[in-house]
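Scroll down for the structure; my scribbles are underneath it.
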Amino acid sequence: MVKFQCDYAEGCHPNILERLAETNFMQTVGYGEDEICESARARIRKAIGREDADIHFLVGGTQANLTVIASILRPHQGVISANTGHINVHETGAIEATGHKVIALPSSDGTITGDQVREYVKAHWNDDAHEHIVQPGMVYISFPTENGTLYSKAQLEDLYKACQEFDLPLFIDGARLGYGLMSPANDLTIQDVTNLCDVYYIGGTKVGALFGEAVVITAPSLKKDFRYLIKQKGGMLAKGRLLGIQFDELFKDDLYFKISQHAITQAMRIKKACEDCNIPFAYESFTNQQFLILTNEQAAALDEKFVVSHFEKYKDTQLIRLCTSWATKEENVDELIEVLKSL
Amino acid sequence: MVKFQCDYAEGCHPNILERLAETNFMQTVGYGEDEICESARARIRKAIGREDADIHFLVGGTQANLTVIASILRPHQGVISANTGHINVHETGAIEATGHKVIALPSSDGTITGDQVREYVKAHWNDDAHEHIVQPGMVYISFPTENGTLYSKAQLEDLYKACQEFDLPLFIDGARLGYGLMSPANDLTIQDVTNLCDVYYIGGTKVGALFGEAVVITAPSLKKDFRYLIKQKGGMLAKGRLLGIQFDELFKDDLYFKISQHAITQAMRIKKACEDCNIPFAYESFTNQQFLILTNEQAAALDEKFVVSHFEKYKDTQLIRLCTSWATKEENVDELIEVLKSL
Amino acid sequence: MVKFQCDYAEGCHPNILERLAETNFMQTVGYGEDEICESARARIRKAIGREDADIHFLVGGTQANLTVIASILRPHQGVISANTGHINVHETGAIEATGHKVIALPSSDGTITGDQVREYVKAHWNDDAHEHIVQPGMVYISFPTENGTLYSKAQLEDLYKACQEFDLPLFIDGARLGYGLMSPANDLTIQDVTNLCDVYYIGGTKVGALFGEAVVITAPSLKKDFRYLIKQKGGMLAKGRLLGIQFDELFKDDLYFKISQHAITQAMRIKKACEDCNIPFAYESFTNQQFLILTNEQAAALDEKFVVSHFEKYKDTQLIRLCTSWATKEENVDELIEVLKSL
Amino acid sequence: MVKFQCDYAEGCHPNILERLAETNFMQTVGYGEDEICESARARIRKAIGREDADIHFLVGGTQANLTVIASILRPHQGVISANTGHINVHETGAIEATGHKVIALPSSDGTITGDQVREYVKAHWNDDAHEHIVQPGMVYISFPTENGTLYSKAQLEDLYKACQEFDLPLFIDGARLGYGLMSPANDLTIQDVTNLCDVYYIGGTKVGALFGEAVVITAPSLKKDFRYLIKQKGGMLAKGRLLGIQFDELFKDDLYFKISQHAITQAMRIKKACEDCNIPFAYESFTNQQFLILTNEQAAALDEKFVVSHFEKYKDTQLIRLCTSWATKEENVDELIEVLKSL
C-alpha cells in the first residue's frame, strides 16, 4: 500500500546516490573537514547570501535541536517554544536531558508571536521571585510548524525584534524548511529566514537527503566552539563527507527548491480535492502536511487503500495527517484524490 | 512593620535553640550518622507508625525535591505534577537540571486527580510514537498544595491507586505538612500520608525549624544508595546533627503538631474575618496560607500596616497572600483583623 | 597522496551502495522498525548465536557509548574504563555530559584486568566514606583497544567474572570489532564476545559501512526502554532503514568477516615489513592499527609519500599510526612497504 | 573518647549561638536578602579589601563547588584540578553530575603548578583532535589542600598568571581557608588570596560556623545571575539570615582569624610532639590537619584513647589523620601528646 503517512518513507534523491557511488573510493579526512563538505558550505552560503555564516552538518533533527540549544543556554536558562513545538512534545525530553526547561507558550496553530514573547519575558523580569524561575534564554520556533502553518515575513520580523529587545537568540527548526519556502502562502525567501534569526537549520532528512540537517549560525557570539558540542552530543560523523555530499547535491542547481516545489504542488492538489469535497481541515496548511478531519467511516475507507497517520481520535471523527514529499509520485496522488472524492 | 508575607520570617522554636546550645561542644560523627539523628529518626518512625521507613535529613525543599526525583527516574522519564506545582514553577528548573521533564497537568486549585494520571499515562502508552515522548516515571504532589488546598483521604487513596496501577512512585512534598495535617478541613493522619505514598518529606523550614526537611522513604526499591545522591547533590551536611537536633525536638512531645495547630488557629481567625467582611478568596484554603482578592485601594491600605505578598495583579484587584506560622503572634493577628475589618 | 591515517577515509562496501540504490524508492516505516532492519537483526542474531538479543542500530560510536552508558547507570554511579579508553579521552566529555564520571584505571596497553576491577570495587566498598565517592556502576572496555591490543578469551572471561562478582554490567565498544576478531592473535569468536558481556556493539563505520553501529543487548535487565534513550540522545534516524541496509549487507555471506580479514592481512604485511627493517613498535598490535616509533627523519620521509597519523612527539622520535581497513588497496600497501624499507 | 578525627565534630562558636537566640523572633525577608546578610557581606568586603566583590552564602562545600563550577563552564568544558582535589575524589561525582569532566593533573602533595596548567592547556590546543577532547575551561585548587599543604604567594601568583594567559578563571576552595591563612608556613593574606583568583570561598563549616561557606566573586564576568544557580542547585536557604548571622559574627573583631589561630597553635603542638618522638609524616603540613605514619601497634594504642581518622593502610604501617579546629581543647591536646610520646 502506498504511504502518505510521513515525509521520510523513501531513500534520497537519485543525484545523491550517484554522487555517493562516484566518490566512494575517494579518500578524505574525517569529521566534516573534507573538500566536499567545504563545497557544500560554499553552495549554501551563496544560496542564503551570507558569506559569514558558519555551517555545520548534523545527523538529524533532534540532535540538531539539542546541540544548538545546549550550546546557547546557561544552566539556569530555558528555551521558549510553542507548547506544540517539536522539542516540547516529540523528542523524549532531549532538551531537558541537557539540563534545560522548555518554556511552553500556548499556541493554537503552532506559531508564537512577538508579543507573547515580550509579555512572558517582561513578566519574568518583573516578578520579585524571578531568581526562583527558569530564566528565558532563547526562543525556538519551527518553520513550517508541526501543524503545517507558516510565519509571514511581518510575523517573523516582529518575533525577531522581540527577541532582540531582550537579547534572546532566535533559533529556527527548519526540518521542513524547503516545504515552507515553496508554499504558495509563503512570503519569505531563504535569505529572509537567514537574516531574521541567529541560528537555524536547513532540513535534509525530509527534503531529499538520506539524512542530515545543515545548521547555519549567523550570530558571531554563537559560533564559538560549536564543533566541540557536536562531538560531545554524538553528532560528529567520522565520514562527515556523507553529509557534505548530500547538501552539495541538494544545493546544486537549486535542487533543494525544485524538489520542495514538487511536494508542495502535490500537497496543494490534495488540499484542493479536500476542499472540493468539503472535507474539513484541523489546521489550514499550505505546506506538505495536510491535516484532515474525517469521520471514522471515511478514515476506515481511506485506510483500506493508503497508509496515513492517525493523530487525535475524537468521538465520531479523527484527525488524519497526509504528507507529500520530494518523492511523492503524481499517479499516487491521482489515486488518493479519487479515493478522497469517493469518501 | 509586622510581616504576614511568608512562613519563614523568623528563626526557630526556642526548644531547638536550647538543644543547640546544650549540645554545642558535644563531639559527634558527621554526615547524619550521629546519635541525635538516630534519635530523631526513631521519634519520626514512631510518629508515622512505620519502623521500616528510611529517614534522611536534607537542608531545604528544592534540594529534597531534586534529590528524590533524580534518585527515582531513569533518563527518559519525567515527573507528573500539577502545572502549579513548586517543582514546575518555583525551583529555577532544578528538576530539568537533573535531566528530567516536569510533565505538567492542568490544575485549577493545585491538586491533580487519580483520573488525570490514569488518562495521561494511558494516552502515553497508547500513542504509537510513545518512544518519542517523555515517559511518565513518577508523580509529585504537594500536601498542602501551593494554593493552600488539601487532598482528602479519598482523593489521595484514589491518586495512589492510580499510581500503583502504572507502577509510578508517588512523592509528596510536605514543605507545609504540619499545616495541612492540623487543618480543620483535613481528614488524613500522618500515618495515612505515610501509607498513601512511596516517599514524602516532613517540612521543617516552614514549621518550626531553622531549616531542614525529613525525607521518609517507605518503598523498599527507592531506598538503595539514597545517601550517595544526597552527597552528590550537595545536601549532606558535615554537621548533620544540626538537622537531627531540630527534628528530635520537633517530634518530642508532639511539638510539630502543636505549633502547626497554632498557625492554623491564627489562619482560621483571619479567614473568618475575611468572610465576615466579605473579602473574597482566590482559593478556599483551610491551611496557613490565605489568598485574598483585594481592590487596589484595600491592598494599599493593608500595605501601610503590614508586609504581605503581592501575587497576581488584575485590573482593579489583586491577589494578596497572608501566611501564619508556628511563630505568628496572636496580638499581631488581632491587629491584622482590625485592619481587614476597616478596609 | 594515499592515506593510511585512519580507517574511515573511504565510503562503504559496494554491496551497500547497490542495496541503497535498489531500495531507494521502496516506502518503509521509520525509526528502525522496517523490514530491512528486521532482516539485519535476524542475520546478526544468527551470526552471534543469540536469538534473545535485542539489537539497535545507532549512528556512531560516541553516540552508542553515551546512550548505552546513560541507560545503565544511576546518577551516583560511574563507569570503569582504562585511562586510555575512548570514552575517557576522545569523546569531549560525552559521558560526563550525561552526568557520570569515567573512573579511569591505569593501563599501559589499553586493556584492564579482572583483578584491577576487583581491587578497585572492593576498595570502594571498604572505604568508610564510600558514599562520598562515585560508585562503580559498570565496566567499559574496547575490543580491540585504542592501542590495537586484544583481550584473550581467558582475560575476557576473568574480567567478565569480576564484573559479575560485583553485579557490574560489562559493555564492550566494538568500533573495530571485525578487525579484532580476524586478528591472528585472537582466540575469541563473535559468539564468545556476545556471551562474555552484557552489551556491546558491532562497529560498522570503520568496517565497511558508511556509518552505523549495531548495539547488541543480551542482559535482560538492560533491554527495557532502550529506544526511548536512542531517541532522546538524538540517535534515532527517521530513515532507520539506512542502518538496516548496511548491516543486512554486512552480515550477508559473512561479508563483515571477509572484509575485516582483508584489512588484517594488509596490516600484517605492514607489521612484518617493519619487523624486517627493525622499526620498533609503540604497542605490539595484531590488528588493523600499527603504531610505529620512527625517528623524525624517517617520519618526514614517510610524510612525503603518504598521509599518516602523528600521535606523540618525543625528543628525536615520534609515534606514527598506520591504519588499514576493508578498503585498503594491496598495491598501496606494496608501495608503503617499499617506502618503509627505504627509511 | 575525645575525637581528633575531623574538624567538624562540634557545633559552633558561642557568639553565633548567642546571635541566633538574640535575633530569633526578628522578622526578616528570605533568601539571603536580609539586613544581617548585608552586614555580613559588608564585613567580609572590608576584611578582604574589595568593595566590588559579590558575596553569596551557601550551605556547604560540595554545593559551593558544584554551583560555582556549573555557573562558569560551557557544556564542552572541564575543570582542571589536582588528582587529589576534593571535587575529583570526595564529592560523589557532583561536578560530573552537572555535566563536566574533572581534568585531573598529577599531584604528590595536593598542589598543582602554573607550569602544569600551561603544559596541559597548550597540549590541548596543539592537538589536532582537540575538538574530541574536553576543553579546559577553568582551574580549581584548594587552599589549604586536602593534604594540609599550602601555596606560597609566589606559587599562587604564577598559577594565576598561567590561568590568565589562557583566559581560565581560577577558583579556590577555601573550606579550611582560616587554617591556611594562620599557618606559620603561610605568606598569603586574605587580600592576596582574593586578588589572586576570580572566585573563592571562605569556609565556615570547618571554621567556627554551624554550616555555611561564603562565596566571593571578584571577576565581573562571573557575577551574572549567580543567584539563579544557587536556587537551582538547592542552595538558597529560605531563612538565609542563618548564614548571614554566622559570617557576621565570624567577621566581627577578627573572630575568624583568632579561632583559626587557635586550631593552628594546637596543631603545631601536635606536630612538634611527633617530630620529638620521630613519628614520620605522610605530608609535611603546617595547617590543622596532621598526617602521621604509625606502625599498626602504635595506631592500635592511639585508638584506645582517641578517635582518629584511618586513611591508607600499608603493610606494617598506616596513615593516620589528626585534626584540630577552633573547638579543640588545649587539655585534650596535652593528653594526646602524652599518648603520642608513649607510643
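Order of writing sets the labels: A, B, C and D. Residues in every chain begin at 1.
Everything below uses one rule, namely that a residue touches a chain if its C-beta (ideal position, glycine included) is under 8 Å from a C-beta of that chain, and two chains touch if they have at least 3 such contacts.
In this text, all values refer to a predicted model and were calculated from it rather than measured experimentally.
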Looking at the contacts, which chains touch chain A and chain D alike?
B, C
Return the chain whose centre of C-alpha atoms lies at maximal distance from the corresponding centre of chain C.
B
Calculate how many whole Å lie between the centre of chain B and the centre of chain D, each centre taken as the average of the chain's C-alpha atoms.
33
Distance in whole angstrom between the CA centres of chain A and chain B is 42
At least two other chains touched by the same residue of chain D: list those residues.
75-76, 91-93, 97-99, 131-132, 135, 228-229, 231-232, 236
In the complex of these two chains, what residues of chain C are touching chain B?
31, 70-71, 74-76, 98-99, 131-132, 135, 225, 227-229, 231-232, 236
Residues of chain D defined as touching chain C within the complex:
75-76, 78, 89-93, 96-102, 129, 131-135
Okay, in this complex, where on chain C does chain A touch?
2-3, 5-6, 8-12, 14, 17, 20-21, 23-30, 59-63, 66-67, 91-94, 97-98, 205-206, 210-211, 228-229, 231-239, 242, 327
